[in-house]
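Same chain, two partners: subunit A is paired with subunit B first, then with subunit C.
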Partner chain A sequence: MILFSYLLMSGVTTGALYALVALGLVVVNKATGVINFAQGEFFMFSGFVAWVLHVQLGLNYAVTFLFTIAIGFGLGALTDRIAFRPIAKADVVSLVLATVGIAFVLKGIARVLWGGKGDYLSFPSITSPDPITVFGLMVIPQQLAVLAGTIVILILFAAFFRLTRAGKMMQATADNAKAAVLVGIQTDKIYTLAFGTGAAIAAAAAVLTAPITLLYPDLGFPIFLKGFAAAVMGGLMSLPGAVLGGVILGVAESLAGGYIHSSVMELSPFIVIMIVLVFRPNGLFGFQTSRRV
Partner chain B sequence: MAPFRRRNVLLVLLAIAIIVPPFANYYYLFVANLVAIYVLLAIGLNILVGYTGQLAFANAAMFGIGAYATGLLQVRLGWSFWLAFPVGGVIAAAVGLAISLPALRLKGLYLALSTLAFAQATQWVFLHWDAVTFGAGGFKTPPLSFDPLPISKPLGLYYLSLLLAVVLFLFAQNLVASRVGRAFIALRDSDFAAESLGVDLLRYKALAFGVSGFYAGIAGGLNSALLNFVAPEGFDLFQMVLQKAMIVVGGLGSIVGSLLGAGIIVILLEVLREVKGLQEIVFGALLVIFVLFMRGGLVGLLKRKVRGWEEPLRLVSRRVRPKQSETSQTAARTEKADS
Partner chain C sequence: MPAIAQQPGVTSKSIKIGAFGALTGPGYLYGQLVMNGVEVVFDQVNAAGGVHGRKLELVREDDRCDPAAAIGAVQKLIHQQKVFALIGGGCSNATLAARDVIETSKIPTLINASVHDGITTPPAANIFSAALTATIESEAQLDFALKQGAKRIAVISMRDGWGRGRYTPLMAYFKAKGVTPVADEELTPDANDATAQVLRLKAANVDAVIMVLYPKPAAVFMRDASKFAFKPLAIGQTGIADPKAFEEQVGIPGAITQFRTIAMVKFTPEDSAVDNWRKLIETKFPGDRLSVFNLVGVGSAQVFVEALKNAGPNPTWDSMTAALANIKDLNIDVYPGPISCSLADHRCNRVPAWLAKDPGKPVRVLPSSGG
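Up next is the complex of A and B:
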């Protein structure tokens, strides 16, 4: 029971990370119809930026957090300008390959800048590293911080979509881009905003989880892949679906690692997603949309 | 006549590829051999991604399956290379067919995810199934000998690779210009339209995956013999991006483009071998630049600037008999998409 609760807790924490990455992917996909393959690299790169700000320049955690999110937003907006806007009408294969290219450029830059400094860079934890007991469950404080941070981000995000003008314009564009243009929404700006927001979420996730994941240039892709899997579970269009998908994958991974073998951990999300895709090709919560010819 | 037309250029390249290597040093021979292997990989991937339009990311894994199958059949079962190598190619083709089964229901981004997941799972098997695959450290394959032919191993392997590259190049050229190739292109441009014209989506998608898997498997077998060594890291994500960069730089939906792309990327790879970060930056940037500014790749440029570089699809569509309205429509579409 102690093992189970521990695994569940760490699974939910990892799941929260996947959920945030998936959320960023879904925001971009809803607006533009593209999966941004550089999302994981945004995460990795923002983590390193936060490390520079916090560890090398000695800024405090809150300031680091805000700066990193701003830089993440900039990276996302830049990706939109470079790899999406000029070719927005191209086929999915080209668009995806362009984001794959961006991902590799970022990974290469990170390797040149920070790759030589040991295998991993560790990011200091804002909380004490000793486990504490909450309601009889043993948890590591940083996990609670990650969970709390994720919940705050989710609430802010929902509020942004429901309450702000920009959020409503994003929803309108996602719903029907042509109609959005007709009512005077500048969809180009919405696309930039979507890419920026997606990357900013990845940056926030990076600052929250860097103390747990540690930092290395190859960190991005596995995280992207699991976020992608989580987003697919939700049908690529549903924000709550993406969050739920992330938590399911995180818990599945953690339980497989604890009860089967630790090496199965990396594999389990892919097995889960393969099974999901075989039986529900549009995701667990996806629904069959009318076929576009 | 155009002196730089495609056939002339390719024949000159082939003549150079046949005559020069016996006089080249081992390193250049190695690089030339690598080019031949990557030409196979790029052609296979281009058939699947460029012609059939499937957003698949499992080609590096297929490459690995071919290499592991060829290597393990020799090491574990004591087979000779000459038996293990073709069987390795067939195994990769079979795996390609097998993964196409779930993929037949999926498309676009869902297909991308399922093939990525498959590639990660393959990596995992290479790394963790120690009892068979020797785990993370990889394994050495037995030395290859060309007895009784009086030829050294590097040179023999080079000519073998070249022969296979030429034969499979010609096969691919004919395949994409055939009824099958036109079905691939039709299903890339619009699968519903293709289906309504009577193209059996299931069959042609599976075929594209199988052919692409076979090319990658053959390339994997040759690669294991070239390096005398097989290890998981050769078939990772970087390998996948390398292959994607080849077909994008050379030209999506062009067999000759695959050849050009493979040559250029392998040479760049060797030039930049010292710094992995720099390789990633350059290949990533090449992908972005070519997608943005030169969607047709180098071949697109050559088609516009040099006379005699048009793809043979045009010739085929002229030959189509008028009573086959189905194929001529597809061919017309093909021609439009290709020009």
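Up next is the complex of A and C:
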């Protein structure tokens, strides 16, 4: 039982990292209908920004956190303006390819700016580095911080979409962009807001998880891949689905590694996804849209 | 001097030498920093009058640790820059990919940081290595564990191209030694958690773990091992050649007290024995601090210069290749053992140094180094 508890705890904390990336993907997808393949690079780039602010410039953690989120938002909004909006009326494949291009640009910039600072840059933990005991289980406090951060971000964005005018306009744009224009919603601004928000989530995730992931220019794609898998499992449009998907992936990896062998850890979450999609083709929280004819 | 004029990269006043490796990205340690070490040696040689009166000119190309880019970088150096010889090779997979181009061209080449066996085995007539190789390191890891009295030895490895290049000779050496690993676990290069692996190794009652890992997964493993108070002898290799940086990456005080790793050079950057190299590096490259990767470049450049001297006043590709093959028992200040090449075996460096780091103290070279 103790083994199971440790593996479960490990899976949940790893899943929280995947969930944070998935949340950003879902926010952009909800508003624009596009999967942002640069989400992992937003995460990576923001991590380096936080490293500059916190380690090189000596800003305290709270200020670093806020500045990084603001810079992340600005980066996302800028991306929308220079890379997405000019081709906004193109087909979805072109839009997705544009995000792939952004990913390469960000990685290239990171290699030039930070590629010669260290093979893997370490980011100081915001919590005590020493393991602590929670419910009889040894955990690293930073992992709990990631878990808590995921929950807080989920609650904030659920509230944003349900309670704020901007959130409701994003939902309306995602449901039907043409209808949204007809009722006076400036969809261009909504897209900018969505990209900015998605990048801001990536930035928050990066600051929380950088002590665990370390920082290197190639960090983005592996993180994106797991986050994307989590988002697919959750249904691509659901915030709770993204979180649940991330946690399921993390737990599947951990249990498979602990009870079968570590060589099946990478494979196991994708087997779980295949099984889920066989029974629920639109993901755990996805739904089939139907049109009355 | 028509013979000289026909040699690419050689004039009456200079010899152009090509260097390839990563100048950007995480692999820059094995590229840019190693090249910086090479360059300060060349500067010193030039200040003393050059080699047979010719100044050495280093031309760098970025392979970005990428196999395709490495092929392009080498082709550019050979055919566009028309260098006389090559010294370089950082990331193993990239250098391995470029081997065919180098071998076909017949340009004399000294590898200085790449460790993949396939670069030097089977030997290509014109490619020699001043770096340790994967097999040499893997065997040294197991020998080290046994020498420390470990009875229950486990392996944790990456199974990508880099990892396989070390894992396969390691398992073969286990078999040759008649030792069976008590556990054999895998960890991916991008892993962020190693709880499952740590729990399995702990359950196997392991007292030494041979790590075939990059610094990131190794740091994740050591962090999670520390979480469970699991502190076996952890044995790294040159992929984790900087224990000071590794301690920061792990981030838990005291987590790497049982960590030992291989270095190609026998000095740490703080050692007073390398004051001269520190001064040269930090003067020429302001903002840089001497690293073990600089010293790798320093060592290989001295081997290269020795061969170039022995190639004679009118060096040709054939005479340079022969000079490299004939290096015997050459003692270089930074290497733990002598450098010896032969026509049959182009792995010229066979003696690793061992490093350790205690909390709050500088990295130390273990007395067993060189033996």
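Keep this in mind: the second predicted complex is superposed on the first by the 276 of 293 C-alpha atoms of A that agree within 3 Å, B and C clash if a C-alpha of one lies under 4 Å from a C-alpha of the other, contacts with A are read in each partner's own complex, and residues count from 1 in each chain.
Definition applied: a residue touches a chain if its C-beta (ideal position, glycine included) is under 8 Å from a C-beta of that chain, and two chains touch if they have at least 3 such contacts.
Note that the coordinates shown come from a computational prediction; the quantities given were computed from them, not determined experimentally.
Engineer: Looking at the overlay, does A:A98 come into contact with subunit B only (first), subunit C only (second), both, or neither?
Structural biologist: A:A98 sits against subunit B, while subunit C stays out of touch.
Engineer: Applying the document's definition of touch, where does A:I87 land relative to subunit B and subunit C: first, second, both, or neither?
Structural biologist: first
Engineer: Who does A:T14 touch here: subunit B (first), subunit C (second), both, or neither?
Structural biologist: Second partner only, subunit C.
Engineer: Would you check which partner chain A:V112 touches, where first means subunit B only, second means subunit C only, and both and neither mean what they say?
Structural biologist: In the superposition, A:V112 touches subunit B and subunit C alike.
Engineer: Please work out whether A:I140 is in contact with subunit B alone, subunit C alone, both, or neither, and reply first, second, both or neither.
Structural biologist: Only subunit C is touched by A:I140; subunit B is not.
Engineer: Output check: A:S263 vs subunit B and subunit C. Expected answer is one of first, second, both, neither. What do you get?
Structural biologist: In the superposition, A:S263 contacts both subunit B and subunit C.
Engineer: Does subunit B (first) or subunit C (second) touch A:I273, or do both, or does neither?
Structural biologist: First partner only.
Engineer: Report, in rising order, the residues of subunit A that make contact with subunit B in one complex and with subunit C in the other.
Structural biologist: Dual-contact residues (subunit A): 111-112, 115, 217, 222, 263, 266.
Engineer: What part of subunit A is in contact with subunit C in the complex they form?
Structural biologist: 3, 6-7, 9-10, 13-14, 17, 111-112, 115-116, 118-120, 122, 124-125, 129-131, 138-140, 209, 211-214, 216-219, 222-223, 253-254, 256-258, 261-263, 265-266
Engineer: Any idea which subunit A residues touch subunit B in the complex?
Structural biologist: Result: residues 29, 35, 82-83, 86-87, 90-98, 100-112, 115, 217, 221-222, 225, 228-229, 232, 236, 263, 266-267, 269-271, 273-274, 277-278, 281-283, 291, 293 of subunit A touch subunit B.
Engineer: Would you pull the subunit B residues touching subunit A in the complex into a rising list?
Structural biologist: 49, 53, 55, 102, 105-106, 108-110, 112-114, 116-118, 120-121, 124, 128, 190, 192-193, 237, 241, 244, 248, 252, 275-289, 291-292, 295
Engineer: Would you mind writing out the residues of subunit C in touch with subunit A in their complex?
Structural biologist: 23-29, 32, 64, 159, 185-188, 190, 192-193, 195-197, 199-200, 215-216, 219-220, 223-224, 226-228, 245, 248-249, 251-253
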